[in-house]
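What follows is subunit A paired twice: with subunit B in the first complex and subunit C in the second.
The block that comes next holds the complex of A and B.
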């Protein structure tokens, strides 16, 4: 995406004032202790393997063919799917697969530690590429040959696990847009800090998981996407340094967590179908009523014409 | 490579070969193609390496610059990867054609080198909070013959092993300025500790089999490939005995391609990736030490086209 030079992008070399606060200069061990409350649970009261509650809503953007809003406490993500359009430009050869164009964008105000620029940076480009790998397998791209479909994700607030939230939002937005898919899919993130697994980490936990340390313990972030019925992993992203045993443990936990999301998604999709059916019934009844009135009027008028 | 067109017969030939554990060039599913590695090929760079893996040819150069560290990481230097897909490799890379691939590889490397257990950025610090070294790793892809990720990661590790960083004396002057003192002697320099640097292994899933080191032809027949980044063992990269060997850990995993993989298969893929990386790491460490001993004794002959 070319940079728009007419738009003022803000200062480039300023730093956040928070970097000078005492909170910021805390050491790794202090930060690690800060993740727990006095009962040994996570600071927001969750168990280590407990994910945050997920709030979902579909059809939030009227201009888009399908859209969804997903909230994991303070992680807030909007995803919109636009109708397939013909591929124009340099690619004039016919392609038997439909193309999917994905863009994941952070809002400038979304991150607690710094302001995000308007132009897509390397982080966002990498995130878009990972996002695309995760969702493209489920979409039946042969159903819209030579067409391109756009999927846009906007991260309004980032409090950890934003890739997983984006993928979940995309699943709901795609079903809302009635895009032909193999099945629904879901994603979950886990962070590993000091050999301890944190499912669905917050931003503070993610930050600590990627912080350079002196000790030789496992640390890192793993995001896993799985297609429901086929139990197929379509995307696995890992960063950090984790040994094989721990990795396998995390994968098992994440698979379980992903499966837990499925009934929620299914309920929402079924609810949407019911609602749409109800709306359609209302529409039909109104249509019938209007038609009846019109035919009555026609009868009246034909009588009047005959009388004359 | 999207530019390569294969007929269905050719595809089936490749698939059936993989099923029989006997690939079209005579390898088994777990064999790498022969490699040719040369270090110190570019005199203007701090460290360089050229790796040829059958038809894949990459040139990696490391440039060092002095930079001010980030305010949130005062004691750490930085390392950045830039991949250039030359149009010499395939005409497809002309203009912005290779950008996507270049981004993918540089992202993978950046992520693989992110952990301090994979590459310790503390060794790049000159004066905490004021000055640090910044390593620019420039990767030039000269020829594409499949399995770029693995070849690039091997060449990067070799180039970093070859890198010399001059000894710098830094002192704090009045007014918070830094005074740097550098020696004129190019051999008055230190080597980087790169033993733990990760290697990337691409594993491709074909039906029920996993293959390593796919050729360009095989890459067109693959639905899904998994890249596993595994940190190295520092004991293999030094002739002294006192380095403690460390475990091979996963530093990055990434999937690409339009397909999925079952959870059980995924676990096998990860285990196989670590095994493959272990073997590669051993071979690379041995070769690099050999090369270093040879260059210490006499001026070496160059083998590639770069003279």
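The block that comes next holds the complex of A and C.
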């Protein structure tokens, strides 16, 4: 890899200390056992079809037009959306569609197994491309013709389902930025390990789902994005090896899970609208007051001028 | 008022300064409120998050092992990188870091190295064979001025909460074993605290504003803060002046004292945060 002259680089041969710890090299079976507690449930006490609770907050970055923070237990994601800006460079041809630029980035310290480099790698680029296809169908890009809009996502901590968390954050950030959209959308992830479906997997479960096994059982990760009212699947991504019956089963489960997120998003959006309306009212009253004071001053001054 | 700020930014700013108040209602030597949290990211070996007004910065430290350099066999590595992400402000574009980002990165690195708060010899495990590499990655999540202050505070908090796992190195077989359950805290001597100022050239006299916002930085002409003063427990460990208006000797003396007072406050904040963290 070429040396990065714009940043400080560490030694080339450095490796994470975790590789030398005793519980790094464990076999598939040991890892598989580690996913369950003594009652046969998942290690964090969830059922197989139970998703983690989603925590969200909008308008977290004051400098951006719209922003959102999403937390799925330990998966933490920030997303910000900026005002459309004119497209610079290339030919400057007029386009009837607005363009969307997406960038998903992992924090160097976000992954539990290794440190990520600062320059974007192929993983991040693939994730960005996926993220873009998932969100761009919902955006009415003809409303900002010949302009480009930037959507940035930063993953602070990766504990599984980070693409789904990023897409959910983007939905809230876009509504916070008042971008014209068809409808709100949501995403969920499921992992299949040894024919067992795990909804909203953690990093340990995702890792195991992608591990090659000797026996031919279903394994893999499926991420699904759906636009609420249109029932339009904008992005379906499946990696691993899964048969068609199992995939259909997973899609049904994920559609249901995505629908469950909708009331939460709607509540949040309605709350935000109310708050903004209140703020606007306060702003208007202040403006009125200032204008009155100013006009009074003008009256006073005109009287003084007349007297002289 | 908002329209006035957008249409006539310089006049808007000057109107405020001429009546001795800053656009956000602060006094000239008043800092913004600080929120500090340690160990907020579980995947990092040590981490902290700071919020100074509307500037928020997160720092995470990842530990790695490497062979020391041949010319310095007893030294470990300390690699700090500041990332000004495009998500934190519309000023920064995606792609490789801009010149300004590199300047910030370099300044933070200089202050940390020169203050000698980490002895690189402490990071060496076996001379010429094995040493720790401390990757300190600082990411700006929200940019509203005084970035160096925030970066340094969060970096120091993370370093102070960092502990190194126990390593057993067999010289004959060159086998490495790491015991994650036994951890030794890293020795940190000193605590550098940076304070940013902008210097505004008003008609009567030049005034210095402490802990500037991004708007104030823009109004004072510099790219970022004009003056960064760094105190390390009673000793100066770096003064950087990046353009802006001039200030006499008396003015400089006064600013140094103001920065010294502030460094004590920040020190207290960091120590309280770490004490709270360890008591939990």
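Everything below uses one rule, namely that the second predicted complex is superposed on the first by the 277 of 308 C-alpha atoms of A that agree within 3 Å, B and C clash if a C-alpha of one lies under 4 Å from a C-alpha of the other, contacts with A are read in each partner's own complex, and residues count from 1 in each chain.
Keep this in mind: contacts are C-beta pairs under 8 Å (C-beta built on N, C-alpha and C of every residue); 3 or more make two chains touch, one makes a residue touch a chain.
Note that the structure is predicted; figures quoted are calculated from it, not measured.
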item: Combined model on subunit A: subunit C and subunit B, fit or clash; value: fit
item: Touched partner set for A:255, first subunit B, second subunit C, both or neither; value: first
item: Subunit B versus subunit C as contact partner of A:15, first or second or both or neither; value: both
item: Touching partner for A:107 - first (subunit B), second (subunit C), both, neither; value: second
item: First, second, both or neither for A:264, with subunit B first and subunit C second; value: neither
item: Subunit B versus subunit C as contact partner of A:118, first or second or both or neither; value: second
item: Which of subunit B and subunit C A:230 touches, first, second, both or neither; value: first
item: Vertex subunit A; arms to subunit B and subunit C (CA centroids, nearest 10 degrees); value: 110
item: First (subunit B), second (subunit C), both or neither touched by A:133; value: first
item: First, second, both or neither for A:210, with subunit B first and subunit C second; value: first
item: Where subunit B and subunit C come nearest after superposition, their Cα distance in Å; value: 9
item: Shared subunit A surface residues [contacts with subunit B and with subunit C]; value: 15
item: Interface residues, subunit C side, partner subunit A - complex; value: 1, 41-45, 47, 54, 58, 60-67, 69, 77, 79-81, 83, 85-90, 94, 96-97, 102, 105, 109, 133, 135, 137, 139, 141-144, 165, 167, 176-180, 214
item: Subunit A contact footprint on subunit B (complex, rising order); value: 71-73, 76, 103-104, 107, 110-111, 114-118, 121-122, 226, 231, 246-263, 266-267, 270-271, 274
item: Complex interface listing, subunit A residues touching subunit C; value: 6-11, 13-18, 20-22, 60-64, 67, 74, 76, 78-80, 82-83, 101, 103, 105, 107-112, 115, 118-119, 150, 152-154, 156-159, 286-287, 290
item: Subunit A - residues contacting subunit B, complex; value: 15, 19, 24, 122, 125-126, 129-130, 133, 136-137, 141, 210, 212-214, 216, 218-220, 222, 226-227, 230-244, 247-248, 251-252, 255
